[in-house]
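Presented below are the structures under discussion, each in the form of structure tokens.
Shared chain: subunit A. Partners: subunit B in the first complex, subunit C in the second.
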Partner chain A sequence: MNELLLQGLVNGIILGTIYALIGLSLNVIFGVLRVVNFAHGEFIILGAYGAYFAQKLLGLSPFLAMPLIFLAFAAMGYGLYFVLIKRLAKSDDPEHASLLVMFGVAIALGALMLIFFEADSRSLSYTLDPPFFMFGSVIVPTAKLVALGIIVVITAVLAFFLYRTLPGKALRAIIMNRDAVQIVGVNLERMSALTFGLGLGLAGITGVLVALIFPAFSPFIGQDYTLIGFIVIVLGGLGHPVGAVVGGIIFGLTEQTALVYTSGTTATLLGFLLLIGVILVRPTGLFGREALK
Partner chain B sequence: MNNPDKRTLLKGALITAASLLGAAAWAADDPIRIGMTVSSAGNYALASQSGVRGVEIWVDEVNAAGGLDVNGEKRMVELIKRDDRSDKQMVARVYEDLIVNEDVDLLMAPFGSTLSAAAATTAERLDKFLVIWSAASDALYAQGFKNIVSATQMPVSRMPLASMDLAADLGVKSVAIISVDEPFPAGLAEGARALAEERGIEVVMQETYPKGAKDFSLLLQKAKASGAELFYPTSYEGDLISMVRQMRQMNVSFPMTYMVYASTPQFQDIGDDADYIFSHTNFHPTINWEITAGLDREEFLEAYERLFPDVSYEPDFQTILAYGAGVVAGEIIQNAESLEAADLKKTAMELSDKLTVLAGPYAIDETGKQLKMPFPVVQLQSGGGMETVWPPEVAVAEPIYPIPSWDER
Partner chain C sequence: MEGLKLSMEGIEVAYNSDIVVLNDVAVTGRPGEVTGIIGPNGAGKSTVLKTFFGLLRPRKGSITLGDQDITRQKAFQRALEGIAFVPQHRSVFADLSVRDNLLLGCWPFRRDKKRVARAIESVFDEFPVLAERPNAAASSLSGGQQRFLEIARALVIDPKVILLDEPTAMIAPKISKEIYALTRSLADRGATILLVDQNVRSCAEIADRLYILELGRNKAEGTREDFASDDKLREMVSEWMNYKIDA
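Then we have the complex of A and B:
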């Protein structure tokens, strides 16, 4: 059992980082734009299909496709901002309106994927040699290690962008005080479009990583990832980038260690109980601040 | 008292003869009317339409041969199709209309357990015989319906029958069963557990996981740690693909792995990782039962191409089940004393274990539950494609057992 527990802990951390990445992109969008992106999971699955077709039609490996998918999704997000999100500001309650609009986008995107990609489950075809590494008695698939490495790099680059560059600082400033940044001359509209582009670009990359780690995907499973994303950001704190990382790892660890001792159904239940516990004790999430509200 | 004259007698005789001849001619022209619903829309549309094509092939086959032989008379078959739009309330209404207003002689069920249960309730109330071809829910057959027969579809609890027979034959001693927490996979898992225990195979692990689970690596390792020789997940295709990929990634292998949906083209699309996995199907070039009624596989395919040249789908297992159910229905009608529900059910029981159709051997119990029609076990054999390995009546290749571990491939 100890070996399995160790395996569970390692698995929990790795899965936690991918959960964190899902939450991170969701949180960037929510933090800056106050947009509840209910279609996040569908964009992730679209990213997975992007890698699938890049491989099938262009012969590109998923790893090479990743930067291309990021750019394509970022451009799509930048454009979508002006089509969808900008109009929400005119609503009486932009946050709730965004939830409804993005819920509609989720349904439409799921249906479009069903029409174009069909209902069958797909899987990326790739081999990594060796397929796994042994660390004592713990076995870690190479795919998960590579994904972990990519997530660490993405998170580091994102942290550098947010904390060390001027646009990143402006972006964080928008999270803190939306009105004040306009007074100091930040182009809110351009920054907002950039943020939505960044969020969708990250969703696209997440889709490729998800397809590497959780091999099968179909048009129907987007909502599963949206749910994971929301659990993670509620745990970590709405709108807080670091909170998403911590929330993801805590959720992953809870789920995977519980799985060692109980069934999958009970383990998931425990993950949700953790969420309810955090909401009861600390409603703003582990890293949330009242001020953010 | 006046004696009738010769002319009157002759007239009377002629009238009687004419009316008798007319009645006989009417009987010969009177087709056997069979009612069923098809889903033009909704969740069941695709499967339902796949199925009805099977019934239509049977009707065409019967009518081309001059009809069914009913009490010494040839009677054609007329299929009365109605739409149910995958709606169980509509099924109940339409089946009532078919019985009361269309005066059908016999009913073919709609697709699936939900709609078949609605049709069975109506058939029972109005005392009409219902032939089922796709309802796999065990609960349907436990409700005491007297007028139903599952002609070709075995219930969920018996679907693991052939695979467990094969496992026992191969000397498998232990099994790990995992399933997604949904009715059909959970029913399969329960059936697998019961059938394994009956065969002395120890169930060393049985677990469920929630729908939407994405990572199976820990579950796979738990199954491996349980020491199971047979790994038996009863989930849907997407989860099974993830499991196989992660089995390779985690170097987890079992002497025998059985996956219900591994026989689908979508599953095989994953490439070499799908090799050696056992699965089941009822329609494959290597599955050829010794048929005692109806068309064989090649004749069936020829009929399908002739009748449905514009349909973009190949016949699938639903088409085979529905066609087989039509053939069984025809045999029941030809052997029954009348078309009354009780007589048809009595004959259905008498024919049990005496018929083999395209879908396999037919046998039922008094609840109407199908006991045979096993989906033969196939194995994806490296290089050779999918081969039928069980039961012996249709097997064309030896099972590769134990399955080579990942590093031996």
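Then we have the complex of A and C:
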């Protein structure tokens, strides 16, 4: 096989898992809360800054900062639910209202980061030894391998939680039948707040990973990640956890193999074409059933 | 099984803040009794049950369980107090197994592992069809079996009050009969049952007391004997159903 293509495939899988993680958290949030988190990308970037400042001010390595950032973001999400999202449920059309509100949060958060963190691109400084591995002719930076390992572990823990524990099943039950879950005595409000906390916690971790594997980040790139997240969940099926993982990897592979042959713009375009193709053939996404209803 | 009296008094409920669907409604269910709630489509029967369960917030009026005012309690708190609800529309968790559906029914006391095990065992005894396929996805069950699963899931908490919303709608006659028999037997074992039903004849057969709702108001109420003997009551029922209750 063509070496460049092979390199593209490897990159595709690694980036695909990051996209999967973004889609997964968006999907869990949407499935449980019916809230489209338009600000997800900004929260991811905030997570990246979290790692940056943890390193700069506290001397913490990004790997140590990761669990702390998860906890901090989860607490922030839990609180934000009560401040912001709970009220949306009272509006006549919570889904659309949430779109607008979260869009507003995205703009505000982007602007705040610009004010406080300034427009310069930042990067984490860390050294991994060796800096990269060679698999035959394919070069994989160690940071990417570590990120891959972390994502695999996180996804496995999340899958265990969602599919093997009772609270996880309750969370999925909300996605399946939101009305019925109150019938069995689940505190929907508390579950929703915890879910938003989980979603933002994952966004924070994603941010640290993004900062680890990409050379730099700035307050302006949040929307890129939100957009990728939306492509992934529409591909995989709105509100479907497994769909998000598959959608993320498919999108990562498409984008990165396309990059081998064309420019970045064309690669992004191909991603959108893929999305439109899936929508034409299967409007509910690869795994979605009636999630759109 | 021990029932508790559940009643609403002067209840007003509105959807979307404007459209009033219940107007000064009063309904009471008593331990050991099946209380039937009947009335034409859109009369507000389902709304009454949802309000009893705390899914809707009344604008006026009060709800009491035993001698406790539960008007301000949320749905999950009422589940903890022993109110179980089987709603009109499908409420099984489709992708979860039969056992997981029942385990979620035990949510209010999920940390009490012994009680959970006992509860699951006892509903499996009561519903052998479910015990046969504990690992089947709920969506793979037939309509009747899903209804049994919904009822079984309501029973795991050993409820004091059971709210049933048209449990036999779109269910085969044979299964319907079993559901009515079960409903009656739950009341005979002491539970308080509130039964909303379109099938007036069957409802009247097992109910100790009937409420007629119309356009979100109480229209009439009485015991089974009242309905059998009072011509005006019988007339009222036959107005909107094409047959009279057989005395």
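Operating definition for what follows: the second predicted complex is superposed on the first by the 290 of 293 C-alpha atoms of A that agree within 3 Å, B and C clash if a C-alpha of one lies under 4 Å from a C-alpha of the other, contacts with A are read in each partner's own complex, and residues count from 1 in each chain.
Keep this in mind: a residue touches a chain if its C-beta (ideal position, glycine included) is under 8 Å from a C-beta of that chain, and two chains touch if they have at least 3 such contacts.
Worth saying up front: this structure is predicted, and the values here are computed from it rather than measured.
Participant: In the superposition on subunit A, see if there is space for subunit B and subunit C together, and answer fit or clash.
Facilitator: fit
Participant: Looking at A:11 after the superposition, I want to know if it touches subunit B, subunit C, both of them or none. Which is it: first, second, both, neither?
Facilitator: first
Participant: State whether A:206 touches subunit B only (first), subunit C only (second), both chains, or neither.
Facilitator: neither
Participant: In the superposed model, which partner reaches more residues of subunit A, subunit B or subunit C?
Facilitator: Comparing touch counts on subunit A for subunit B and subunit C gives B.
Participant: In the overlaid three-chain picture, which partner chain does A:264 touch, first (subunit B) or second (subunit C), both, or neither?
Facilitator: The first partner, subunit B, only.
Participant: Taking the superposition as given, does A:254 touch the first partner, subunit B, the second, subunit C, both, or neither?
Facilitator: neither
Participant: Thinking of the overlay built on chain A, is A:172 touched by subunit B (first), by subunit C (second), by both, or by neither?
Facilitator: It touches subunit C, and subunit B stays clear.
Participant: Counting only touches as set out at the top, which of subunit B and subunit C does A:186 meet: first, second, both, neither?
Facilitator: A:186: touches subunit C, not subunit B.
Participant: Scan A:27 for contacts with subunit B and subunit C and give back first, second, both or neither.
Facilitator: In the superposed model, A:27 contacts neither subunit B nor subunit C.
Participant: Rounded to the nearest angstrom, what is the minimum C-alpha distance from subunit B to subunit C in the superposition?
Facilitator: 37
Participant: Using the touch definition from the top, list the residues of subunit A that touch subunit C in their complex.
Facilitator: 92, 166, 169-170, 172-173, 176-177, 179-188
Participant: What residues of subunit C sit close enough to touch subunit A in their complex?
Facilitator: 16, 53, 55, 74-76, 79-80, 85-87, 89-96, 100, 103-105, 107-108, 110, 153-154, 157
Participant: Which subunit A residues qualify as touching subunit B in the complex?
Facilitator: Result: residues 3-4, 7-8, 11, 15, 120-121, 123, 125, 131-132, 139, 141-144, 210, 213-218, 221, 224, 227, 256, 259-260, 263-265, 268 of subunit A touch subunit B.
Participant: Looking at the complex, which residues from subunit B come into contact with subunit A?
Facilitator: 181, 207-210, 212-215, 217-219, 221-222, 225, 237-242, 245-246, 248-251, 266, 269-271, 406
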